[in-house]
Each structure stands twice: as structure tokens, then as C-alpha cells.
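Take a look at these structures.
Next come two complexes built around subunit A: one with subunit B, the other with subunit C.
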Partner chain A sequence: MFRVQVPDQDAPDMERAHDFNFDLAVLGGGSGGLACAKEAAKHGAKVVVFDFVQPTPLKTTWGLGGTCLNVGCIPKKLMHTASIYGELAEDAQLYGWNLTKNSHDWDRMVGNIQNHIKAQNWKIRVDLRDKNVTYYNEYATFVDKHTVKSVNKRGAERTVTADKFVLAMGGRPNYPDVPGAQDYAITSDDIFSLKYHPGKTLCVGASYISLECAGFLNGLGIDTTVMVRSILLRGFDKDCSEKIGGYMEQCGVKFLRPCVPNKIECVKEATDSSAPELRVSFTQNGEEKSDIFNTVLFAIGRKPLTDKINPGAIGLKYDPNGKIPVTEEELTNVDNVYAIGDLLNAPELTPLAIQSGRLLAKRLYAGSKILTDYVNVPTTVFTPLEYGSVGLSEDAAIAKYGEENVEVYHTKHTPTEQVVREASALEGYNYAKLICNRADNERVVGLHYLGPNAGEITGGFGLGLIMGATKSDFDRLVGIHPTSSEVFTTMNITRRSGQSIDVEDC
Partner chain B sequence: MANVVKHVKVSGFTEYLRAVQQYKDSSLHLFTLFTGSLDADGKSWCPDCNKADPVIEEALNSAPECTCVITAYIDRPTWKDMNNNFRKSQDIQLTSIPTLIKVGTEKRLEEGQCAKLSLVQMLLEDD
Partner chain C sequence: MRQIHLPLARTYGTVTECNSESQFDEVFQGDIPTLIDFHADWCGPCKILTPTLKKVIEDHAKEINLLMVNVDQFGDIAHEFDVSAIPCVKLVKEGKVIDGFVGVRTQENIEIIVNDSLGDA
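And now, the complex of A and B:
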């Protein structure tokens, strides 16, 4: 048995010896948990990771690596790419390529994406083994603050003790309290490995996940409708969010708004190779209506898996929505239990979970004092019109600094690669804005970009924001021509001036 | 006593395909080791293969009984041809030797990984 000497903070003169199986047990093998486990092992800690995926109502399940790899960022970005390729194939013909128009092969796309994911699942296991991290494909629940009981898919149990715990279970999509939802609808947990072509699809919700799924499905030639209760992309910049909705509508996505679902009934059951036929009843603007869809995808929010680990056994405090309050060192109210990633009241983003997991392990096992900075985290929504942002939305900046102090510089732009396109209703949506604090030398407190390659552009500018760049620093920067990112170096129209941004310059 | 594991040794691409055809639908867990061919002294022309082969042999001693391993020997001129069938095959897409794969899955170990007993054991014992 492994033995560690743990100085007891309450009794500094005494050294207390513990007999634990592990120094650190990580619950959840997603981006955050894996990063934390590997970093801790690198500094000599004896580490175990528990990961177990409860199947969806449709019985979809997946391997090690968490949401991002299996049912999130990775397959999403790949399907978004598949959709963008369709768009680029149109452009390619304007550039002289003779392409015969082919329909999209859903099965081939899903097969290739799933093969990539399975290869990554395996590589993670090799990596853990190589780095001496023990991995149990088992579901762990607390017995006491140093003990978990775990069970595998065959029902075999084991008990494991550890000095410290890191909670990193992440979250899963919510289902609404609507008859038929759990029986017939799917979520983002199912769509990326769907065995049949989704057919006519309804995405319920105005979350980024709903809009991203609707965006790529529509781009793949699928008849797609989005059902929205009130506003799009709550929490993101309002101005940009509405432009995304407008653009998607121009692309052919239908919106039911304001609208809520009431009931889902099965008209024709799904088979292994074909989608079901579902009748969805809904209330739109006070009016009762119904329509037939093949696939109904709920993306109405996610809930942390906090209540699935028997948190009562250790007296863990958490909010009704499952989020766990932690100190700036990611410590929960239980003195040997930490939490990271989507369990926290922080942006639910893989790189942030990785950062917090890695820095936590360095503080626990390598004497580091560096904390994770949860402010100015860049992010991108991969809707057909991509949206990148870092820092505050316009509304949040006004709430924080006061309207009189907030200067908004903004501009439209046409990406050079799109100039061959014929005039269309899709024009005029590429947009950029800088939100500055006039009371602080026009420090840039928010950067927003709508257009191609949003992630690539926003990620780089994020460095400027964490270093405290001002508007004059952006002016000082010389752009790269001809690119979309250069719009941030030549912005001179403020919202306050009332001047139009409908100008084309070279 | 060592487990009885089926071990088939073939040379070249055609023999490899034939062996896979023969065993893929059996109830055996099918693996293939792609490795450099041996000279008269039983040594491979590929240094990494010489390191990995004994490790894999050792792992096979404790592998589950339902294990079947095809060792596909590849000679040096064939491997150095960048257009050889092992590299070009969509199913294999071999980029290095030694490579140990679980046939029909995305699970594989490459080069130095094949010389680590714990990794080879993990691949062989995985369900």
C-alpha cells in the first residue's frame, strides 16, 4: 500500500501518517480531469482517474476523453467543417473548379469522425498508462471524504481511498419536462454518432449548441428548424447574437420564435438505418400548432453531474443548478476535495478546464502558487457565421463601467476570399467591434468578431486583452493584408458618432 | 504454464491479407504485428523491431487464450518503397514499424510503444 506523510494543518507540530491507495483520485476523465491527473503524476503523485459514461436514453455511449472529444468541440468542429466545405465548393466553382454536385453522405462523415474519436480514446489510454496514471472505467461515488466505491459495467465493485480528490465529472444535456422528450428526442450526446441520416430536424433551444447543430445540419443540406423561447445566445453580445440568427435565416434555417414545445409523439418508429417520424406539438406566439420532424434535438442547457457522486456523504456544498462554489484555488467546502471544469460557475470551455486542472496539480504537487485566470477567456461559436469573442459583451461593459464610459468601435468587412461571390442576402454580416473603457485610456474590455476563421483570429487577440491593450495599441498594430483580422487595426467609427458602417474600403 | 495463443507468421502483403481473411470472423481477438523481416540469424533489419519483438513475445505468454496474432514480416526494400501496399492500404495506413494493431479497431501501438510491456499488455487484454 502506498504511504504518504501529510502534515496536518490543524496540528502543525504533528505529522499524521495515512494509508491511502492513492495521493489523488480524479472523478471524470474529460479534458480537465485528464490534464490534472497527468500533471499530478508528472510531479510524482500516485493518481487514479475514474471515468464512466452513462448511456443516453437512445443508448449512445462513448469512450475516455469527456464531452469535448466525444460529443462536443471535436465532432462539432468536424461537422461544422463538413458544412463549410459545402459552401466552399460553391465558391470553388466561381474560382474555375469544375465540380460535379454531389449530395452529402451522412454515414461516411459520421464513420470517419467516429474513427478519429475512437483512435483518440485509445491514445488517451496509452498516454495515461505511459504516464503511470491508473484508469478505471468505473462509476465512482463517495463513501466518505477519503473513500469512493466504484462499479464497472458488469456490476463488479471496488473501494479506493485517496488523500485528495478532484471532481471533474462535467455535465450532460438537460431534457425538458415534455411528454415524449426522453423517448423520442436526442441531444448533442447522440447527434455526432447518429446511425441514420437525421432527416428533417428540429433543434430546440437558443444555446450555442443548438445554433451550432442547426447551422451544420442546414449546411449539410438538411431541412432544419430552430425553436427559440426568447433570446438567442443568452450571455453573449446581443448585437452579434442577432446577426448570427439573421445570417442563419438567410442560409435557410427556419426559426420558430417565440415558441415552446408541448409534446412529442411517434408517428413511425426509427429503425437502425432510418430516422423516426415524430409529431411535435408546440405553442408559438400563444397559438397551438404541430409539425412532423424526423429528428428533435434538445439543446436547452446542461447540468453538472454533481449530484451523481453521492455528494451528501462528504457534505459537499453545491448550488441547486449543480454548480459547485470553490475558492480561487478550486477548493470546495470539503478540505481535501477540489472541483474544476464545467462543474464551476465559470465558462464551460475545454481549455479553461485544462488550465485549471493543470495549475491545480502544480499547486498541489509542485509547490506552484499560480492560479487560473477566469477573466478574458477567448471563445468561438461555430455557427455558419462564426463568432469569436473575448472579454465583455456591450451590455456587460455598460453595466460595469457606465454607458458614458463605454466607447464602441465597430465595422463591417468583406473577407477577400468572398469577393468572387455574386451579390446575395448573405452579404453584410461580417462584423467586428472593440469595446473600450474611456475612463481607463480606452482600454479594450471586449472584442467581438463575426466572420470566417473566428477562432483563429480571436485566440490571438486574446493575448492583447490579458496584457491590457488599449485602443491606441490596436491602432499601433499593423494588420496583415488581405485578411479579416486586419479590421481590428483600422477601426475609426464609434457607435456614439452615429456614422454608418456601410462603407467599403480597400 | 504459458497460455496457448494462436500465432501466425506471414511474409508480405498478399499473405497478410489471406491470413486476416482466414481469422477475422473467428471468435478470436485478432491482432497484427507489422515488423521487419528476419535475417538468417533471426535478427530484423529494423532496430526498433528487435527491441519490440521480445517484449511482444513476453506479453503473449500471459495473453488471453482467445488471442490470435498475425506477425506480418516486411522486408527492407518493400518498406523503403513509400508506395508499398502496407502504407497505401486504407484499412492499415501503416506509417511506422513495428506497429501492433487490434484488427477492426482504431487501437494501435507504434514504434517505441511496442517495446513497453505494460502498453502491449493493455492492448492485448482490452475488451
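And now, the complex of A and C:
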């Protein structure tokens, strides 16, 4: 029932070659889905977006915008920033500021972060409306390759047909098969809006999510432990991953490794304003142990929501882990169904999802032929020691080009702002390397940076890699002084030479 | 369970937080002019404007009410009324939007708007 006059949204369009309700239906209102929907609408397509968040076991839920905005990149970066400010407040004393040693107010931080997120949820809704994209806060599942059935939170159902579909539902955190995990533990879905101070926290997992969360929690003055089954940051450069772990240990994060959890029991229930007391039993180095924590956060991996949209109804092919194989045009095995974002076997990154969503919409509705380039996508891990990288890890380069062809230029460095600090074990972790292919003019195939402002630095240098920069191009570039980024313009020590890379004062 | 809607009592100067779409409909269609305050918890300026609106309602000689509508809870209604930036206030009566404004205003300013719209000085 419309109270205000609105244009008839079902008016037939003479140019359409079909009579489905919509040209395009997007399942998932996250980074990829929204970018795709808006771009498609821009080129005249009639588009609908379905977005629905199933609450967590703790009943946490959130609004339109997907993982990144609500329970990913955005609140993560803000909490990481909060913890960095604590560090900077310490440094500020060295620069002459007289600051009283303050404690951290968890509720105030969460309140301000959530206010920002909710304002963005609203802006997105308005933006979709302004761009003529229909939005249903409903859970859609397939009936056949042109039909979905959707349900809202009150159980009301609707059937919608569309010519084409884009799957962009992303994923959700995994829970382990450990007694008590679903009853008492949380995940990244819950931490960013946690209504009580987390207290003594155990982060289970060696993923970037686990390390980033442990990193900022520790930085906010919280007693933090990380439980790791084997290696840190699987898939990332090994050398850099171990440096990240080493730095975190120096910062006071405790590591239990190698270690797996066996059981979580509740000693004292959570209340609205306080965390529970949980007894976690685990096996460390073959020994059975246990300890009490207030919060247990599982970050052991994420699963795509592929099996939740009734893929059998359309015969969708997907891997056992939920990832959907697609062509370079993001087409699945169903000829009118595409998939983008975290559903794919590709880096799970917002800008990549946005890029692929937009380019897909342009190919479908604007006659474009441009494909998304999944190679040399820069990324940054926002652990206490930030890590930016683009291109191959050292091991991947060696595997691809052979050890004799891989030349690694590397160096430690000291961020200028930190020179006022007293000498400490933290210094030696700041590091940078260029991985070059000797067989191709020393083409830079991997760039890695450990230190402050990693995202700001790596983002710019990514351009060099996609344009095929060589080591001599990096040498030709004159750095800006005094910054951390200039470290890439004066590298001359190779790993092969065995020379020391310890920093000397300049 | 059949819901029975009692007509709103003819009281003026009331401040109500909207709790259902049907309640909104009754106010919108009703014959008492009502300022609809579209707001949200995360909106700083809304927290400044709302007390001012309440003062307008209290002090106003004319018979008007205030209905507060949280856009996070009633997004569909907000969209039907073309609300994008908030705080957004609409003066409504008998199924029509008579006037409105966006952003923080002074009490005097709001009273001028209300008086002009309702026809008397």
C-alpha cells in the first residue's frame, strides 16, 4: 500500500526481450552485490537486490551493506586504529606531550563505530533508491534458474523472476566441531558490536582475522591469547608471517602453539553488561590443559553461503568448501547465473568484489569487454605490525620461476616517527622486500612491506607492479624523505649475498 | 489475533514514538496536524532537533502533535516519504504532506513554518 504517489515499477518496457520481473537479481547486498546492482541500473537494467542477515548464535545481526561495512574491513580498521592511538599516546609523551595515562572505554568505542556503520547502512538504502534499484530485506533461494522465492523476517514470502542472477552472498565464519563452541564462543560477526567488555580473550585461529582481532584487543589493554594449530597466516609470505607473530609476542600477545581446543564450558553466564567466564580445555604439544577466558573468538575460516540458496534447484556446480568455479567472465555453470566476491577462489577483498561487480554489469548491460584482473591485487593485513603486499610471496615466486631466477632484495627499516623511542626488541621487525625475476629483466613479481601505514604505501606501489616495473624502475624512482615508503627506492642488499640488513643510523 | 485499533484520543501537544505502520497510517490520515520527526540513534543533529520540536509542541497555541519515526525501524515509510538526509521533519494532515524541512532549525524558525502552513499567524 503506497501512501505517497510512486511510479509504477511494473510498467512493461518495449525493449526487453523477456517478461521476467527484473533484468537482474542480485543475491547479497555487500560490496560486490551493491556495486554490480548500481552499475547495472545505471545502464538501464531493472535490478533487484536481496539482502538478509541470519543472526549469529549470540543473536547479533546487522543492516544492509555486507560483511566489509558491518563486520569486516570497516570496524576492523577502526578498532585497529583505536589500538594504534594507544601506542601513539605513549609515543606522544616522548614528543613532550603530558598526557595522563588513560584507560580505554570499550563501550564508547563500540558506540561510535556502530553509529558510523548504521549511518552508512541508511545511506546505502537511500542510494539504492536514488539509483532505482529495488531492495528487499529478504532471504532468497532458487526455485528454478529464473525464479527465486524470498522470505522476510516476519515470514512473509514473495516470488520474483529475473533474466539473469548474480550471486554475491559472501560467507560467514566457521564454528569448529568442539562442544560448547556455538553456545559460548563468538566470531568476528559479534566482536565489533559486543555489548560488554570482552575481558580476557582467546582468539582461536591463525588467519589474518584472528591475528588482527588479537592485535587490536591486546593494543586496547586486553589480556589476549592466540591459539594456533600450526603455521601463521597460511597462504601469505611465510617470512613476513613469522615476523608478524614475533612482533605480536613482543607486544604481549600470548601464543599457544601448536594447540587445538577440545571443549568450552560455561563457568559463569554472560549478562547484558558483562562477559561470561568460560573454561577452555585444549591440547598443547600433546598435553591436556585448560584455562579460563571471558571471551573465546573463533577465526578458523569462513564458508561461502552457496549451499544456503538452494543451488540444487538450478544444478549449480560448486566445490565442497562452497567456493563457486567461474569463467573469467564470472559465469557459473548455469548460463544465466554469475558469481562474484568472497564466493570465488580469489582474494576475499572488497575492492576486488566491487571491481568485478562493476565490470560484470558493464559487460552485461553496456557492451563492455573488459574483464577483472585478479593478478597483482594489493592487500594489507592490519595486525599491530601492519603488512602490505602485492604480487607473489617468496615461496610462490620460487615455485613459479625457480630458485636461481628469484632475486630477493630486502632491508630492515626504522619508521622516522619511532626514532624517539628507546631501543627495543620491536624495532627489528620493520622490514621490506622486492622479489624479482632475474630471467625477465629483474621484473618485480612481489612487493612486501612490514611497518606502519602499510596500506597507504602498498596501494600506490601496486600500480608499479601492474605496469610491469623492474628493479631498475624502482631504483630510478627517487624516494620521499623521511618516510617509510622510500625504503623501496634504495634496496641493494640481496638475500643471496647473505649480507646483514640491520639498520645503521643515518 | 485480530488487532483492534482505537481511534487516537483528541489530545494535542502529544509526543509519541511510532511503534507500528498502522499507528503511522492513523496519524498520517488523521485530522490533527502532526510533525513527523524522521530520526535515528546514530544521527547527532537529530538529538539536537528533537528537544526543540518537543518545545514547539508544548508552547504552540495551535493544535499539533509530534510523532517520532526511527528510520532504522521504519525504513519503508521513510523511503515512501523520500527521506534521505535526517533529521527530516514533515508536517502532515489528512493524508497530505503540508510542509517540511531537513536539518536542525531553531524553535522560532519551526514555529514560523508551522504557522504559515496551518494558515494563521
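Assume the second predicted complex is superposed on the first by the 487 of 506 C-alpha atoms of A that agree within 3 Å, B and C clash if a C-alpha of one lies under 4 Å from a C-alpha of the other, contacts with A are read in each partner's own complex, and residues count from 1 in each chain.
Here, a residue touches a chain if its C-beta (ideal position, glycine included) is under 8 Å from a C-beta of that chain, and two chains touch if they have at least 3 such contacts.
In this text the structure is predicted, and so the values were computed from the model without any measurement.
Of the two partners, subunit B and subunit C, it is C that touches more residues of subunit A.
In the superposition on chain A, A:101 makes contact with neither subunit B nor subunit C. Of the two partner chains placed by superposition, subunit B and subunit C are both touched by A:119.
In the superposition on chain A, A:154 contacts neither subunit B nor subunit C. With both structures placed on the common chain, the touch criterion links A:369 to neither subunit B nor subunit C. Residues 115, 118-119, 121-122, 125-126, 129-130 of subunit A contact both subunit B in one complex and subunit C in the other. The touching residues of subunit A, counted against subunit B in their complex, run 115, 118-119, 121-122, 125-126, 129-130. Partner subunit A is touched in their complex by these residues of subunit C: 25, 28, 40-43, 71-72, 75, 77, 79-84, 86, 95, 97.
On subunit A, the positions that touch subunit C within their shared complex are 2-4, 6, 63, 114-116, 118-119, 121-122, 125-126, 129-130.
Touching subunit A in their complex are the following residues of subunit B: 105-109, 113, 116, 118-119, 122.
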